[in-house]
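Once you've had a glance at the structure underneath, I'll fire off some questions.
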Amino acid sequence: MHPRKSLTLALAGLMLATASALAQPTEIRIGVALEPPALDPTAGAAEAIDVVVYQNIFEGLVRIDQTGAVQPGLAESWTISQDGLTYTFTLHEGVTFHDGTSFDAEDVKFTFDRLLAEGSVNAQKALYEPISDVTVVDPTTVEFTLSRPDGLFLFNLGRGDAVIVAPESADNNGAEPIGTGPFAFVQWDRGSRVVLEQFGPYWGDKPALTKATYLFIGDTATMTNALLAGDVDGTNNFAPEALAVFEGNPQFKVLVGSTEGETILSTNNAKAPFDNLLVRQAMAHALDRQEVIDGATYGYGVPIGTHFAPHHPYYLDLTSTYPHDVEKAKALLAEAGYPDGFSATLKLPPVAYARLSGQIIASQFAEAGIELELINMEWAQWLEDVFANKDFDLTIISHVEPFDIGIYANPDYYFGYDNAEVQSLNDQLNATTDEAERLALAQQIQTIITQDAVNGYLFELAQTGVWNGKLDGMWQNAPVEGVVLRDIHWVE
Amino acid sequence: MNWQALRHNPSLLIGLVATLAFALLGVVSIWWTPYPIEQVAIAQRFQGPSPAHWLGTDHLGRDMLSLIMSGTLTSFVVAALGVLIGVAVGVPMGLAAGAWGGAVEWLVLRISDLTFAFPAVIVAILITALAGPGETNAIIAIGVFNVPVFARVARGGALAVATQDYVAAARLAGHGNVSIAWRHLLPNIMSLLIVQGTIQLSLGILAEAGLSYIGLGTQPPATSLGLMLRDAQSLFLIHPWLSVVPGLTIVFIVIALNLAGDGLRDAMDPRLRHQGLAHGAG
Amino acid sequence: MALVEIDDLTIAFSGRPAVAGLTLRIDRGDRYGIIGESGSGKSLTALAIAGLLPDSSTVAGAVRFDGAPLPEDERVLARLRGKRIGMVFQEPMTALNPLMTIGEQIEEAIVLSEVPDVANLVVPDLLDEVGLSPSHVGRYPHQLSGGQRQRAMIAMALASRPELMIADEPTSALDVITQRVVLDLIAEICKRRQMTLLFISHDIRAVATLCSRVGVMQAGRMVEQGAVADVLKSPQAAYTQKLLAASRMDRRPAPVASVEEQDLLAVMGVSRVYAQGGLWPWRDPPLRAVDRVDLTIGAGECVALVGPSGCGKTTLARMIVGLDSASEGRMLLDGVPYRGRDLPPGSRAAMSLVFQDPFSSFDPRMSVGTSLAEPLHLLGVMSREERDARLREAVEAVGLDASMLTRYPHEFSGGQRQRLAIARALVTRPRVVVLDEPVSALDVSLRGDVLNLLARLRAEHGLSYLIISHDLDMVAAMADRVLVMEAGRIVEEGRPDELFARPQHSLTQALMLARLPDVA
Amino acid sequence: MGVPCPMTLYLLRRFAGFVVTMFVAALVIFFLLDLLPGDPARFILGINATPEAVAALRAQMGLDAPVHQRFIQWVLDMVRGDFGLSHTQGLPVAQLIAERMAVTLPLSIFAMIVSVAVGLPVGILAAMRRGKATDTALMILVQIGVAIPNFWFGMLLTLLFSVTLHWLPTGGFVPWHEDPVAALRSLILPGLALALPQASILARVMRTALVDVTEQDFIRTARAKGLTKAEAVWRHGVRNAMLPILTILGLQFAYLIAGTIIVENVFYLPGLGRLIFTAISERDLVLVGGATIVLVLATTVTMLIVDLCYALVDPRLRGRGA
């Protein structure tokens, strides 16, 4: 071998060694399935936005932790008035936005004024509708006045929709987000990736990672390959069907956790024949929940019998209310006046769990005499048809909002359930802050909607993350949407 | 074309026999498949080939052989209807261009330029957005793609035929353009169209696979070879069989069609070799 | 001494011999002509000498060039060809590479011939020798006329100073006047260069003009060979005798019925004008393909229209039959005025056209009967019996059997097809038949029969003919009156015997001069 | 013949056709998009948004003006080079398209180069060895190449070169300005996947064209001049056979620019096709319209260039003016 060649080789080896030594411990590449359309969490509903920015770039007054509990965020502490109508927050000092502007109470007021303004495009505006006033007491103190007590108010403040933005940069957050979080936005190669870097002057504890790259990989097979090839270090939510590739592989860590997504067979209660309780009960009996879970989520979904997250303390296990019983279903249908069954459409949004569940449910319903026509739709069309115009018979969708049982108290909601008892129970639930009372009320509502078989309750969506075996600190559960980088670090 | 030609042309024979075999497999699925393809049986999923399931079962426990049969039918039907649209619209356009010439020809060429300028996938995306996903999209998208192909082939053939004296003789006999196009031009470009049709059919099968693969084509509970590939793609490392079976089926069908097309071209008219595949780029 | 010796040569394609047991000897300085009709194997024989037979052929027998068998090695054979044999082919348009200039193509031939001359000195010389100017060096084939292209081909063949020149039907794609010029050029060059010539033609008179020795081929066999004078004077083989007879054009007997006074067809001041210049039509004067032509045809009369290619005679014929419309002027058919395409169906039935090429005038996908019945459409609805009767009448009139009507065109020979084409022209019982080069696409031996048929039909049915042709001998044999056309105008008119005896116009004179002398 | 410069005339005529095509294409695209169901504003805001928020966003996006007014404005803006702002991303559409073109164009060119570099020699070799074993073997390979769906082939390539051998990335794209070598590396596998069927088609067409040309009279002339068959085909045949190839190349390039969507998905490349794909599902109609027009433009311009190349290569066209 020529001496010169060997030198080159040695140098190349050295460079490789240093590169890996430097790159490994503080940088991360995360694969995510969907690319956000923009990066402003206060102006769009897409989960993909929160996955990138929530608690990384942007922070709220409070933050939700891995267990779903509310923790101090930009507000280091707060007090709540006796009547539950006044919240006073004390803000951290010395906090700056990534563009160098400082953070104070005015920014908080700006954020919520903007959120609640007439022309606001905040997707969750309704959640913050109880806020009647935000007052700046001094630069580090801000006071919220509510029009009615709201048991979920603090939790809602911790959501991505209520992160604090600065008046200087708010309008550009979609393309170039400026927040107060531990990571600053570096660049967005559209269609490909978003790069974040640790923000040096961050006010809180420094995260272990110095750089994070989000790669957008929509195709499961491609994601699998990227993980196997080491092109990405992990993904927060991997398609369950291919998890077997990584299970038992010591190089990877498979994290199966919970989400707030109650996946239901949404039924148009306002439309015949679904306005008939017997029909809905027949459908509930026709459903083989376990088969749906096995087929659509490869067993990772957690069965639910009502519209509530199973890991929540208020959850009531009602899964055995309507056991799988085809004969019973037929009998109920006959009783309801459909001895030969009936036909209906099942409109499916473009998510794998819905499409697979749809096929399985159609097959199950066929046995009971209900012929389902599957109609696959894009999101935009689904939102218009099903959600806005309520033009549907059945659909399958995961309701990912935490603690969203209140939708059953809204007769205008898309599935058209109108029950005065549930509505009044929900009003009481919203108005009280007493835990025991809340638990009782919430469980009462759960029981009623299950008895009424408002929707077909299928499963709680699981979060199935696949990560490099040497990574630690990832959230196993997803009480809110987001991939929080704060605690993620490499271990030897 | 006759049996003699078939004997002297083994690739034509192989191509035709294989194409017919696959087509038959598909047609049979209209009346009979070993198992109904809508029938989901999660407990039975991911079985390897066995006497009960010759090609095993898929991720929903459906019989793979039944799916392949039904999928082959869908792929054929989608591709064939796409080609039919191309023929039904493109051929009259091309014949009109050949028979009238002048402004009509200019218009036809511009229209075919225009349709060509819209790539099939884009058409499929737009139609999907307009009407929701489904086979119809794939058919229309493939059809739109085929229109300029057949318009140009028909025009080229018609122009060549139109210079023949028998066309002038028909004119002398008082036949108008329509009648000439129907009596003389069309029959004489038929072999050209059949050959091109075979090639477009194979491209259509591939296009259907591609469109279904990105979710724009056939939708469950129906199935097509492309959709089977899509379903199996994420399971490739765990259950490669599910991807290999429909993948190879596509490969075999396309090869069979291409062999048949090449063979037909050679057998029918050596002159056609000039025009053939001129639009094979897509 | 023999330059080319062929011994018992057999060339077969998939078992079927195309040339069988051919023996031939060409001495140095000979000018050897091979005569034969299409498919007689004459071109294959020429290709065999140059080692250019298609790969699919199987060859038996020996070909010796200058005493040695053709080399086995392809490269050696190719270089031998390049240096010692020059070739000129029939169709100069397709025989030249369309993407290269004439200069480049000649230069390539010079380089390959390895003659130690400097190329750019030689190319102009060669062009000059074949009568092209140096400015043609940079032209592409499509920018030259047919005659110029053939000259370029000859220049290319001469580049290597070959000992043998093979000319395969070098003039049959050219018009009469050019044909004569090219033949003279070949003769002159051969004489000047002392070159051996192998000349292949279907035209016995061209061979007689050019060659010293002749071989007659029929269906792959050499039926007779010898000195031109001997063969032509006393042909031995029956086939040669037939060829010779067919090449003589005797005056067909004039119809019994006398020519009526009244004009059946009158063409009055008809022009056909094509706009030129595309976007700027005013920049270029329009092309007047037919320019204020007047002519009349009486009932029962046979009028011939002669002229070189491009003179407008076909355009005029297309307007007369109603395939194209006149830009100016009008026509009268039996008193019905028309401009061309507006010819009413009833009048269309009174006129018909026989095309030059019997192969393209029938739709291959239609039975001959259907094709023949097509013009009956002009006569309105017709019962099946009447239709069949008409078809039978027409087919029998041309000497064919009505049972042939169910067959398809490919089942007929060229001569039969031309008869069928004539039958189609008769099926509506027309009064005027326009004949566009009616026999020029036919083999020589068939021409006489078809002309006889035409003459007989004219006599029997009292038809008027308008014959479009460049063949003066045929015209002289058939026509009562001849019109000479040049650049869209009729320049001379008269009875054929008088006109050809004392041509007045320069074109008529040129045509007469280009006429190859009669054999024997 | 007559016109002083037929080339100019030809160019003008061709260009006029081009402008007409583009205008009609714009018309078709605009009205097709206008028909689409699904409200862009609602899509952005999601299922819990209030009707007021949706209405506010609609007004902000200018969706409330009459149709014809919006069409005229759209076309005029585009002629000036202004493609508008993307609804969802708030960025100029032109910039977004340009970013994607930086992937799609090099990818198409790379695939094109590979398919030419592989397809033409294979076709020529097969034509020269026509009927022999080499020909048969190559044509069998080519048949398979045509028949394999390119996305499936891409998948197999990734399994081999990325997952197993770790030679190349599984996908993704590093911007050119950051690391040109890495950028190029990320285009290799998708380029190969795209090139395989194209190369196969090219090889077939090349073989056929060359075989046809070989039967032409001028090849016989060239042999008569003293060239061997192979030399004659090489010197005179290949150039003439390139004429039909030119058309195919144009079609293929146009197809590549537009038709990479599927392969872009497999390799998660940020290409133009995927931009349209996501933009339409997000009902970002400004972006869809702009990107589609650009694709149509690319196809039409490619065909225009092919026609011009034809005129340059073929003296017959130059002389006659089409």
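Chains here go by letter, A, B, C and D, matching the order in which they are written, and residues are numbered from 1 within each.
Here, a residue touches a chain if its C-beta (ideal position, glycine included) is under 8 Å from a C-beta of that chain, and two chains touch if they have at least 3 such contacts.
The model shown is predicted, which means the values in this text are computed figures rather than measured ones.
Among the other chains, which touch subunit A and subunit D together?
B
So using the touch definition from the top, which pair is joined by more C-beta contacts, B-D or C-D?
B-D
Just curious, how far off is subunit D from subunit B if you go by their C-alpha centres, in Å?
22
Which integer distance in Å separates the CA centroid of subunit C from that of subunit D?
So the centroids are 49 Å from each other.
Using mean C-alpha positions as chain centres, tell me how far subunit B is from subunit C in Å, no decimals.
46
Going through subunit D residue by residue, note those that touch at least 2 other chains and give them in order.
Within subunit D, the residues that touch at least two other chains are 37-38, 155, 159, 265, 281.
Two or more other chains in contact with one residue: find those residues in subunit B.
129, 233, 236
Please output the residue numbers of subunit C that touch at least 2 other chains, ranges allowed.
Residue numbers touching two or more other chains: none in subunit C.
Between which chains is there touch?
A-B, A-D, B-C, B-D, C-D
In the complex of these two chains, what residues of subunit D are touching subunit B?
It is residues 17, 20-21, 24-25, 28, 32-33, 35-38, 143-144, 146-152, 155, 159, 197-198, 201, 204-205, 208, 211-212, 244, 247-248, 251-252, 254-255, 258-259, 261-262, 265, 273, 276-277, 280-281, 292, 295-296, 299-300, 303 of subunit D that touch subunit B.
Can you tell me which positions in subunit C touch subunit B when the two form their complex?
Within the complex, subunit C touches subunit B at residues 321-323, 345, 348, 352-353, 355-357, 360-366, 371, 374-378, 424.
If you look only at subunit C, which of its residues touch subunit D in the complex?
Going through subunit C, the ones touching subunit D are 50, 52, 74-75, 78-83, 85-87, 89, 91, 94-100, 108-109, 112-113, 140, 142-143, 153, 156-157, 159-160, 276-280, 283-284.
Quick check: in the complex, which residue numbers of subunit B touch subunit C?
164-166, 168-175, 183-184, 187-188, 190
Considering the complex alone, what residue numbers of subunit D touch subunit A?
Where subunit D meets subunit A, its residues are 37-40, 42-50, 52-53, 56-57, 59-60, 88-91, 96, 99-100, 103, 155, 158-159, 162-163, 166, 169-173, 175, 265-271, 274-275, 278, 281-284.
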